[in-house]
């Protein structure tokens, strides 16, 4: 029975032609609400979604690998995911497509303690490195290591799940990868430990969009209009945040009292410059290049055409 | 009240744990993101009260529903296994296998099927409780002294009545043991469910707080959860004792 | 109720390869009382179990025919050597176990159970848990439970062993009255009891064991203990039991 | 062999589950990234054999070590509780509380203390097993029939010998029930430990495969885990039966 | 071993507010055998439990003095009304339970246990599980266990109730031989048994109950059953038991 539900697609698809009515959208975040999700929270709070005829429900998962599956299965309409993951998922045959960008630069860094003897990535040879989500992160790290002349076999990879910062400040690992530059650095500072970051795009990895919106390719055409309106609302919210950073922070923390922490505040300001100003716009070259990069590294079986990976909702 | 009296040693235990914990934190100087002091947990508790109670309410509903459904279906399975010889050959191994599967592995699938609402969490809590109850009850049902079974036979009992009027009451002490354990496992079930996908409940709050390194808030949520788990244990214990007025533990349980 | 006789033949029983008995046969006339005597461990309880069709772990076989050719199951009451009271049922509910296991006891049945409890001298214990009873009281509850069944065939395994001499005599009267016309097989270790209650005495002896008859006094059951027949026959019976070799204690053959 | 014979229904159960699963997948057309078909899992199994066995070896060590330590310390606690009246008032509530704490909540902290090596996983498996064993054993130890305790008293047994020679054997059936359950929970403990942080083991492999969307590989690992869990259950069952030659279940366990 | 006498006074016992007895006293001379008779439920087993200092759920008190003024604990063997065999110990190990509970049985003790088992007629069952025994066999194992203890004070609660008449006589001889010089308190429902084995007979009767003496035949224990004294006194004893009112069955006061 449950499977029938999965196959039947989003419930709202039926009354789609009635555009005057508000459309409900279920959007799953990649992880717990944090400043990276600011445009969504603000758009929700300030009624931008509503103004665009959308009734958006934001849901956070505990496991970032879940949202793409739910989108692919038609359980939710849209999810926030990561560009590198998208390439793998499309390669695996998941009917996913990027419909927008939330954060337009990589956030990924490899992080070590500033008081450690690791001055550059070359020094990672023989060290242990923690990571939280397997797969792409390993590929990216290996690329960075090789770029710095370190053989991937020379480091010990430890899956520390989501305890990146504690593992590092607790000195259970020498470095962590897959940390976010806007968040983990602030987190470390909060605990009084200075961190040193190695930026992924400076260490031989092609640049990419860290956070993207993905949707189900099979139902895309039916929902194109709603998604377009969604991106417009996000764009408005982003602009508003950039214009009113302090007011934005107040609004953000008011949305959930649990968000009001010093780390979040710091991360808030760190994140603002990284939001995509035109969420719907697509830099096709980026996707093409990253696809080639992954193929080269043997992570995907074949190169998918750009149209399978991403659409530009702003193009008619 | 005897319930209060029964809860008293538990409270004492909690207090002594708290004391030990505070001493540990002070003495070892363990950083707050690893183990916050009970005082800072209390502070977090106080400053997030509303948030905590809101999430606690949801989790409690999940736990109680899971416990009830789990116990009833576990008992039902045990009875069915004891009643129908044929079932045993096929159902028992399946049961076993279902228990050996780490449920969290299946959680994403469950979520896909059941959505991320309360149902999925109740199902998780139910599943976690279900097997221990089914297993202990079934073990209990199998230990009926032969003499009573003989008696049932000569008195012309059918299998159903023999099961319900002889084997089941005879298994009650074993069953109580299983239920007590299930009661203390129920919170875990609900929390796992919440971890896998939800935006409400203590489990969500804990993961969320953990991810934000608000470890004190996480521990405050944990504290509620633990208190509730312990209360549930003693409630179950009291209920089971009420069900067995003829039975006495040889060594008082908590006295 | 019409009386129901039965007979058994080819009864055989072995535990771990050693025959307790083989090829036993006996007939129990409808409405007759049979006393079964035998040394401890000779197989009396096991024989009763076999007649009641209760599980026995080892090799055993028995051919049982009833006077009306229909199976015995459901028309038989069995009182075990142990009282087998259910600790979770009050005394009165233990007496009512039969009806409770076949359905729901009626008020009339409850009334009858109360009467029976009164007759075994335990009416004031009706609402107590079995664990508060003395050994003899427990046995009397078990007796009441068996009598309650009102079955045409009654197997009783040392039903009066735990009660005092006076209560025992009273229970004899009670059983004789309530089980009049029933076919009763009574295992007992008390020769006097057997002589007092039986129409016929069977002695299980030898290894492998066989059944032998012992003549009983005439007259109406329960017989008076001071009847000259009874006194005389008691010595004979004891002598007869004495002459039977000890069935166990000699190792396997 | 009786062990083989006892395992047979379990194998049958596994096979029937596999069959059902394949049918489910074919009939409902559920996508492979949600639920791979058993056939594709088998393929993944075949093509990753070495990898799987390598990680399985590590997890098995963790599980077995956790099971042994958990059972022994659980039994020890139960014995101590039954032996020393004073302990009961304080230790029992603490025990309860420790059980009510969702271990996974503490898992990250445990990892921080114990590192990401095998120790932490063994500790997790141990903790998961410890409480159910302690609780059932203690429940069992309290149910000794009064007559035997009286006998021990008049025969001049000290508390220790009474415990070991009377209460303990009398509790063996209850204990067996607890151990069987613990055996099937042990794999879960180890896997949780691995999920929280590790670089080896089936749990690690599952997590990794899941992140890489190699759901078939994840299920292959799961299959090994489940098989091992079931085997462990039956082994424990056989061992406990061996320990109780005098005891017979009224209804054959798996026959 | 020197004999050990003891006496009790102010023995009182009530269950749920109803006095079973109050202010009982009795003296048990060193080396004497006392038969304790009384109606079922009169409190015999409870009295034995009180002497053995075993737990009793309700109000009870007892002053016990021994002839050497030292406590009785550890110098007393108690045989309960139920056999209380441990199912996880083979028959021989059940006999050896005492030494096993106090330490580790020696080879000599094992030998003695074997001899005792032989004397109760169960040497061939030594290595069997208790569950394979008949009711009478179980009781004999319990007896062997009690005799093994070789305690100066022995309390036995209907120790021969489940064995046949012949075995019972043999066990009388055995007990009389092995327990010579011990102070024995024997609860029994068989007047003949009491007359055969006791130096003194106490009857527990009335409600609340009191103890009354009954004169016993002279001569050496165990007395022959056909001694004229014994036969005559049996009728007297039965009459005496008859005259004692039924202790229960009359509700609470």
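Order of writing sets the labels: A, B, C, D and E. Residues in every chain begin at 1.
In the analysis below, a contact is a pair of C-beta atoms (placed from the backbone, for glycine too) under 8 Å apart; a residue touches a chain by one contact, two chains touch by 3 or more.
Going by UniProt, the chains are B, D = ABC transporter permease; C, E = ABC transporter ATP-binding protein.
Quantities reported herein were computed from a predicted structural model and do not represent experimental measurements.
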Most widely separated chain from chain E, with each centre as the mean of CA atoms: A
Interface ranked first by C-beta contact pairs: B-D
Chain A and chain C: spacing of chain centres that average the CA atoms, whole Å: 83
Gap in Å, rounded to a whole number, between the CA centres of chain E and chain D (ABC transporter permease): 49
Approximate Å spacing (C-alpha centroids) for the pair chain A, chain B (ABC transporter permease): 36
Junction residues of chain B (ABC transporter permease) - those touching two or more other chains: 34, 108, 112, 146, 195, 210
Residue list for chain C, restricted to those that touch at least two other chains: 82
Where chain A touches two or more other chains, by residue: 3, 6, 65, 69, 73, 162, 166, 170
Touching chain combinations (by label order): A-B, A-D, B-C, B-D, C-E, D-E
Chain A residues touching chain D (ABC transporter permease) - in the complex, by the definition given at the top: 3-4, 6-7, 65, 69, 72-73, 88-89, 92-94, 130, 133-136, 156-163, 166-167, 170, 172-173
Residue numbers on chain E that touch chain C, as the complex places them: 15, 37-41, 43-46, 81-82, 121-125, 132-137, 140, 157-158, 161-168, 189-191, 238, 241-242, 246, 248-252
Interface residues, chain B (ABC transporter permease) side, partner chain A - complex: 31, 33-34, 48, 50-51, 108, 111-116, 194-199, 204-205, 207-214, 217
Chain D (ABC transporter permease)-facing residues of chain B (ABC transporter permease), complex: 9-14, 16-17, 34-35, 82, 85, 88-90, 92-94, 96-97, 99-105, 108-109, 112, 131-132, 135-136, 139-146, 149, 173-174, 176-177, 180-181, 184-185, 187-188, 191-192, 195, 203, 206, 210, 218, 222, 225-226, 228-230, 233, 249-251, 253-254
Partner chain B (ABC transporter permease), residues of chain A touching it in the complex: 2-3, 5-6, 31-34, 58-63, 65-66, 69-70, 73, 75, 162, 165-166, 169-170, 187, 190-191, 257-258, 261, 263-264
